[in-house]
């Protein structure tokens, strides 16, 4: 009986579960509840993805108020895909977190951890699902506030400064988005995305709208850590508890990329953004610089979490690169990379978290000799690492393949070449860790305590992601089909036409009243 | 006239903001910020946004300032002179500002009734909401019904903030020994406080349940009620206050408020409507709307009350700890 | 001869890839019992060889064999199909795997190597990927297994686990992965985007649609992208990989890795560009001369090396460029020569490496200058070494004669006299840097000042190693007298023939 | 002239926003940063409310004899945004308190000196 | 009409007292005198202004609300001034006279 409510459930379920978690008090129960709710959300998200692949769009009017007046949840393939990723990763991270946070967070805070995690999930799902520009801001802030809390839960004092820096940058970003939304509202009188799209389409070139878009893009760029606005990300990911790093690295920035895609393609329309404003060149250059700069920085890090964080920033460069190519193929490559990168970074951070748990350090020195002592963890790390590099038969190869193909189709030979060179840098930083793990003897002082393999509850989610990396590297039918459909949907003028007619009928409705 | 007042207030705001930039005394900075909030509340009144003004006064000038002062008590009131050049920030700000000014050039003129913002979605709220919702305060109608999901999110944000502060600062243990604060000897203060606190709580209830008709609503009511307890804690000491309103009770309340709100939405599932569709709550849609709005406003109220008070407790507990040390 | 005729022909391809994998698993399972483990290894190798023989038989009978595994990306599959060039390489690789395994048994035990199980497992994995490379039906499949080959041989290169080994491994992995991702993948993507297909097609896949500049660029990218072909300046990995145990070096140089490189180049030239079209590409000559320069330069470098394995490594670099030259000459005879050279160089070079390994196991000598008079202590080994040397140089009655013959003939046919000159000079250089070794070993009397060989040092070469050396050196001779089956196979390759075009 | 009358409000608001923004990014003291953040956000709220103003309109509460109301929608949005703002402020200040306890200072350059952040 | 005039007078007076309070706040020499200036004028200004406003209403609910505000302000504003002065005293701040006294003592 709930099928028609599915679009709203991935938001509402964790939202209800969060206070319940707090009321339950016992961390075991809270964990169980959070995991179950997250799992149900994942199932719903997947079923939504199937439905949207089949039918196109699902719209859900909250409060029964039809769209431009009420808030609308709107699911198409693009956000259903990312929603599945987010809820899926969240479930895995929760399973993983039970043992992981036991060593990293004081026992009394465990319940708060699960509550904050659920709130973060609520926010992310909300951002993904909503069809209303202001509602997006609200959910952005829910997820951000929960994230600041999650980051600061770590016992390391540097987590506090990292969280503070994140908070300041995140709030600036959110306020920029708010300014942008305000400017859009000023010119159009609406907040609904479809409606905005239709009304912005009437403007050829408008300085207020341009500025609004610029502010939104800058705000979102802070949230997604686009170079050079990424400086908050490495400390936050480095010092956050491992489970949080794993969750954020594979979801939060991806969701921000989605927001950027949504604003560019759905609301303003690629033509307005790229041809009238020439944003593609800026994004392209920033993306390339991000790939190189941050990959280079990653190669010299001694803390593996920092290294992975910089790698994340570089990988975000790939996604933005895909967007900035202004073709369906490029957009599709970007979306595909969102999907695949979530799989790889999730597994990598989980593996590092397991190492941190057993050795008490995420320094590269701590990885020495782990190939023997923690074989399963390191094997998962290796698979995901190869995927980051883009070795064939892994998911990373698939997204890189499509990205380069998209660049080549536009005759951007240089860019395609740079993308490949960029992945060489990934070989360097991943290679350093693998070498330490497999070919170096453990540091003597660490040999006092014998390092054991990570507990099963941590290995299982890690391996699910690792296997997913291989699975989606070989059988690409699901990911590629979905990404392709999403890109077509976002790009196709006919889809825009559907938007327009929908909003026209809405305004007629309004007129009739 | 409206423009003139607006201009004067804006000018005062500009002066305040500039002073904040250059002052090194953080206490003064925080006070000026309180002033800034008040002035902006006045501007909001002047621009017909009474609900917003109410909230801004309660939150910006009230809670925020109290929290900032509490922080200052723990961190010291002097900003150290920093020697790094502020050239880059200045450049960033100038570029951003220039972009904004550029953006204003195509803006619709200020206050013009034909502006697009007043044409498309808003007229429906103004014209239909009294009929559809049955409430005179359109802001409440839009807030609690048309855009109820935003407000649910907002409640979740407050809840998230409470979680954050709780995890960062912890809660005081209820009913500890009251240490001698400077205020204890203030007989006048205590007497007046005893007079004022009940009035404040009464006012909070009025704002809570009268919000449908005039400015106000759950959010403002929650803040005011919290302020009453905060006043109590300030005058009579934190241990006594935690004895009256126990921290654990606050946790339950904060969670409960969100649950009430979300539960209302879920109830409409079972009654056959969409999430947060109040029409189905009663046989008559307008009555249903009314019930729904009262219930969710109540949810907002208790969450905000509990969260704000909890946040204050967190800061106060820290101060207590520092004092003991 | 075809004991597998009962099976579906297409199944044979799958089996060639899977059998080594099964072997690897069995090796892991039997890892505790060395004798059993090595029996399994050899049994797997022999099974594989019979499978390849079966495929060869089918190829001669013009039975098409193809299979598709999965559709990886839209329009791109992991697919396999058999063509004669692949069969040739598969034959060489699977045959030499048997020999190398036999040799390795002696070597590894004689040398007391650690982690022997890992060695045999990786070896089997490498062979599996080589089989996949041999039979891959499109560039993507080839690329995937090409990368897997690099990864599966990496543990072999760093087998010793010393700092030197790690450094060598890093160079090995860095150059091979680097070139393949930066250039080869780029070239493949460029091909895919411009031609719309990656299938190996006789006569090439490029049409008039693609601009000349693009194809020219792609050729350069392919030549450098296939780093395993060790074209200068991307040859450094090969000497660096010398830190590996000798059977691994043999595998790298003769059986799997470098041969996979030149095989890929040949395959790309024949099936992607098409030999006919090659002469119209403007950069062909450029790459040809770079290859020729590699031939000469690396020969010169080889002369300066005193370490026997390093000298052999540079010799390999030079010999590989023969094959690249043959591929790029755009003549069907030269291509045939190149294909034949894969075989002859394989048997010749593997003999040399076996000998070098045997010397090391027996006497712990690595440098050429120390090998004076060794011929009297290890006569059989050094005779084999001499045979290998002669084959590499290309003197009759050794197998190397034929391939060099066809290469020179190809150069003449293509009117590239300068290549003829290069090949001649190179032969002379070969003589200069290789022949002194057996000469020193046999003819120079031991230096008076030097310590005489003590008893303890001259343990006998392990018997399995000796057998292996015997087989490969015999093969060097046999292929001179009986090259016909291989030449027949080569003639089946489209656009390639050992006949002069003008005459027949 | 009408140009100025039409836009003066926005311009001053932009100035206020930038004053707040400047405090956020230039201040070294964390409390001041938070104050700046609040000023920045409050100014943005003013922009929204300015959008909602209708000349000659009155507060959007139905009353007899009033025909023109200001636009209630921005008011609703800003109510939400104010709450979001105070929530952020609370968490930010809580972090400041913890930072003070952990580092003994709330000046950014000082605790950055105490441990390299990255 | 009369009410309006009275109300206007009250409002102007209230504004005037407010202004004097502000001037006093700036011009008076030390803390206690300043608090004095502010608090005294504050109360009278509040009374005057709110009474002035009440006269302008129709003596309905709004007037009652204004009355409540008046009571509230009259309660809190002096209390605040009191608390301010007392805590300053508590913190050891001296009045001008006392300072003079102590200086005298120093001189002797």
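To keep things simple, chains are lettered A, B, C, D and E as they appear, and every chain counts its residues starting from 1.
Everything below uses one rule, namely that a contact is a pair of C-beta atoms (placed from the backbone, for glycine too) under 8 Å apart; a residue touches a chain by one contact, two chains touch by 3 or more.
None of the values given here were measured: they were computed from a predicted structure.
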Q | Separation of chain E from chain C in steps, with touching chains one step apart | A | 3
Q) Moving only between chains that touch, what is the shortest number of steps from chain A to chain E? A) 2
Q: By CA centroids, point me to the most central chain in this structure.
A: A
Q: Starting from the Cα centroid of chain E, hunt down the chain whose centroid lies farthest away.
A: C
Q: Would you kindly say which chain has the C-alpha centre located farthest from the C-alpha centre of chain D?
A: C
Q) Counting C-beta pairs in contact, which chain pair ranks first? A) B-D
Q. Which integer distance in Å separates the CA centroid of chain B from that of chain D?
A. 13
Q: Report, in whole Å, the distance between the mean C-alpha point of chain D and the mean C-alpha point of chain E.
A: 31
Q: Determine the centre-to-centre distance between chain C and chain D, using the mean Cα coordinates as centres, and give it in whole Å.
A: 70
Q) Per the centroid of Cα atoms for each chain, what is the distance between chain B and chain E, given in Å? A) 28
Q) Of all the residues in chain A, which ones touch at least 2 other chains? A) 134, 138, 141, 145, 148-149, 152, 179, 185-186, 191
Q: Check the chains against each other and report every pair that touches.
A: A-B, A-C, A-D, B-D, B-E
Q: Spell out the residues on chain A that touch chain B in their complex, using ranges where they run on.
A: 2, 5, 8, 12, 15-16, 18-20, 22-23, 60-65, 68-71, 109, 112-113, 115-116, 119, 122-123, 126, 132, 134-135, 138-139, 141-142, 145-146, 148-149, 152-153, 179, 183, 185-192, 195, 199, 206-212, 214-215, 507, 510, 513
Q. Can you list the residues on chain A that touch chain C in the complex?
A. 386, 389-393, 398, 401-402, 404-405, 408-409, 413, 416-417, 420-421, 423-424, 427, 431, 435, 439, 474-477, 480
Q: Please name which positions on chain B make contact with chain D in the complex.
A: 2-3, 6-7, 10-11, 13-14, 17-18, 20-21, 26, 29-30, 33, 36-37, 40, 43-44, 47-52, 55-56, 59-60, 63-64, 67-68, 70-72, 74-76, 79-80, 82, 84, 86, 89-90, 92-94, 96-97, 100-101, 104, 107, 109-113, 115, 117-118, 121-122, 125-126, 130, 136-139, 141-143, 147, 150-151, 153-154, 157-158, 160-161, 164-165, 168-169, 213-215, 219, 304, 311, 314-315, 318
Q. Okay, in this complex, where on chain E does chain B touch?
A. 72, 75-76, 79, 82-83, 86-87, 90
Q) In their shared complex, at which residues does chain B touch chain A? A) 99-100, 102-108, 115-122, 124-125, 128, 145-150, 152-154, 156-157, 159-161, 163-164, 166-168, 251-252, 254-256, 258-259, 262-263, 265-266, 269, 273-279
